[in-house]
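Quick notes on the structure that follows.
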Amino acid sequence: MSAQGPSKQPCARPGIQLENLRKTYPDNVAVDDLNLTVGKGELVAFLGPSGCGKTTSLRMIAGLTPITSGRVVVDGRDLTGLPVFRRDIGMVFQNYALFPHLDVRRNIAFGLEMRKLSSAEIARRVNEAIALVQLQGREGRRPAELSGGQQQRVALARALAIQPSLLLFDEPLSNLDAKLREEMRKEIRDIQKRLGITAIFVTHDQVEALTMCDRIAVLNHGRLEQLGTPQELYERPATPFVASFIGRTNRLAGQARGKVVEGAGWQLAIAEPHHGAVEVMVRPHRMKLAQSTVASPEAVNRVKGNVVRCIYAGEVIQTDVDIGGQIITVEQPNAGSEVTPEPGQAVEVTFLVRDSLVYSGAA
Amino acid sequence: MLVSAEESFLRGSTGGAAMLLLPIIVISLVGFVAPVVNLLVFSFQKAEATGALLGGFTFDTWHDVITDPYYRELIANSVGASLLITVLDLVLSYPIALYLHRSSGLRRTILLVLVISPLLLSAVVRTYGWIAILADNGLIDQLLAKLGIINPYRMVFNMLGVVIGLTEILMPYMILALLAGFGRLDLRAEEAAATLGARPFVVFRRVTLPLSLPGILLGSLLCFVLAISSFITPKLLGGGRIFLLATEIYDQAIVTLNWPVAATLSGLILAIFGVALVAYTRLLARLV
Amino acid sequence: MTDEKPPSRGLTVLAMLLFLFLLAPVLVVVPLSFSGDAYLSFPPSSWSFHWYKQILAEPKIVSAFGTSLLLACSTMTISVAVGLPAAYALVRLKVRGANLLMSLFTAPLLLPSIVLAIAILVIFASLGMLGTFKGLLAGHVIVTLPYAVRILSTALAGLPIACEEAAATLGASPTVVFYRVTLPLMLPGLVATAALAFLVSFDEVVLSLFLSGPRLSTLPVEMFHYVETRTDPLIAALSCILVVATLVIVLVVDRTAGLARTFAR
């Protein structure tokens, strides 16, 4: 298998397939039977808390961590068992992993030299990559002379120059400050879309995943909790974990009897019948503080409670309400009205029944 | 541990790794393990006056050496001198180490370099320096003469000279060991003691000293072991008149050519080594 | 942990006095080398370069110097050539029992030099290697190899593996990774190891004493024999030259290793 990678002809199964991917260590299971498919040209996020197996999975795809069992197939090629340097992937590391002893140009050229391209071709591709990440004028510098953001771009250019069949990102933005992160997110997304490269982006930041990616794979304790578009994950989270990991949510524990859930001092209506202990999750900004009983075409839940505190957060106003032993947070956009609830004030919290996500089992 | 348990992406042919390790393994076994084992075996042989070996395994040499009053005195002198040197090293090095620990920046770096640099010089050079200082007409004698004092004491080519010279030569080791052990010393602990009413010397005795115990023990072990196996300095500063374990081994091996005795004495050094190590471990566990 | 409070007056004075004691021999040897006296006397009554010139008049010392130089260069080369693959195998290839092997390789450092010296003497005698260059070389390598493998292993272990992983993802086979990435990044460690091996070999005296012969001797051994019989300032002059040479080597290493480190950062 030449280091130049597979021929770029259309193949039977484009994209990435992870089949029963598994990684075990003597004392724990890092990745537990991961099955998922990434379409060609898609940008998929591996999202989850630290220790969930997202980086391990990425490294197994790259070949940096040996696979315990399962298969990795990229564009119809079974990569399982292939050594790292034959996999034709481009990887952007968390700390960039630039070659400190080489300047920008030679860093980017490295992968091309491995593929034994002519020096003319190498020069052309390096210039192309530098232009793509907008680092013109800095080719002669060494990594130590560049800022964090610039180093990041070099790492990206280095991975792109080899025109890999797959791009892997291992939390590349976590060392940048907030503003730069936002900027780089958009740039990376633009480039990825423009070049149409299949990519996997590992991150623990759900905002990053939501804003950048076509689909998100939420992982927890080595298992796939849910795979879907940002909208699917946000509006219809499949598990309590996903519901609380993506976006913020209120959690109400109670007993369900059919379409009614009873808690300590409150009662809710739910869309589907449930029985036994359940958790009801409602997003803070799907709740309203009703001043009067407003008629609504849809089914509405109303809960009475007392204001604990009111936080002015600029764009929104957050109110913590005690509904009888449990405190929920209501978030409303700052419409400029002078009236904000006072602590101790009695209020009524309303939200749509269909915004009440119900999960079986105790909290 | 230099080798972590994490996996490396370079895992692969054990054959390749074996090839890379082959030269050093061969050298270690042939150049180190085999000679040491061979030497210990030699201690169970006996030699005639001519140096020829009488074959066969025997405890005679060990018996002869251990019961011989000459060798007993030799061992006692060696151990005694080494202990004295260790104590002197501790007392003289502690202030330097403490001073270094409390310094920072450029000054600390310079001082550290000054402490380490003697270690880069040959033992012969350093010993010669002491001969120049301690000899008749050397530095000390001339300094005292300027003050009008005639020095009645011989300071070189005797035990006094050996002790002085060896103490200084081993100081860098003690300093570095103490410094390593000072890691536990927190200025704040001393300040806390002071605010609780302890005077400076009490702070030193009750806080600084106990906290620096690991370094003290390590440095003491190091100096003792180096002192008892020291050869160059006793031989040169002793003028060939001071007999310690290491010089005796040399004489037996090169001059008398009685290798079994030399081997036995080497075994004794290793035994003393072992005892010191055990004492160190016990003390470390009990006092720290 | 940096202490805010500087050392006290009393401690400073005490430490400075003791520092004087610590550096005394070296401080004495330098002026002594310029002595014009025919015998050891400090301070000297007159000054001259006489003893420096006298060094060249001692054929044994001159030839021993050449031997030591050749020996140190050879030892340095062999130690690095053997220690580097070993360090790589232990640290990067993670062989099983690596820690045990490392203990074996560094064990010679724990043994008193006199014991190691006589142990090697006995075996080399039966192999007919006494008084030969290859015997001295073998002995020196045995002594310097533990340093080499230890320092190289530390240098390699300190290298974050991410760069090597990155190179692999870009298509570099393990051999290429080693030559194009690992080795350049290890340069400071390599230079330091080579310099240390050189210095340790050059100054090695106890083992060399046992292994040299009437026709082959090293500089430290000749110096030892010289001091045994004579104590005139010739040795002071020779010592000064060695001190300066050592300093130069250390500075050069710091420059190269330092320069390489700027590249590496």
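Which chain is which? They are A, B and C, in the order written, and residues in each are numbered from 1.
As a convention for this text, contacts are C-beta pairs under 8 Å (C-beta built on N, C-alpha and C of every residue); 3 or more make two chains touch, one makes a residue touch a chain.
Computed from a predicted structure; not experimentally measured.
Here the chain at the heart of the structure, going by C-alpha means, is C.
Just to note, of A-C and B-C, the chains joined by more C-beta pairs in contact are B-C.
Relative to the C-alpha centre of subunit C, the farthest chain centre belongs to A.
The geometric centre of subunit A is 60 Å away from that of subunit B, both derived from CA atoms. One finds 54 Å separating the Cα centroids of subunit A and subunit C. Subunit B and subunit C, compared by their mean Cα positions, are separated by 18 Å. Of all residues in subunit B, those that touch two or more other chains are 7, 9, 11-12.
Within subunit C, contacts with two or more other chains are made by residues 165, 168, 174.
Residue positions of subunit A touching 2 or more other chains, listed in rising order: 63-64, 83-84. Here subunit C touches subunit A in the complex through residues 160, 162-163, 165-174, 176, 180-181, 184-185, 260, 262-265, going by the rule given at the top.
Only residues 1-4, 7-12, 14, 16-21, 23-25, 27-28, 31-36, 38-39, 42, 92-93, 95-96, 98-104, 111, 114-115, 117-118, 120-133, 135, 137-139, 142, 168, 171-172, 186-187, 225, 228-229, 231-232, 235-236, 240, 246, 249-250, 253-254, 259, 262-263, 266, 269-270, 273 of subunit B touch subunit C when the two sit together in their complex. Residues 7, 9, 11-12 of subunit B are the ones that touch subunit A when the two sit in their complex. For subunit A in complex with subunit C, the touching residues are 3, 62-64, 83-91, 93, 95, 97-101, 110-111, 114-115, 142, 144, 158-159, 162, 168.
Residues 63-66, 83-84 of subunit A are the ones that touch subunit B when the two sit in their complex.
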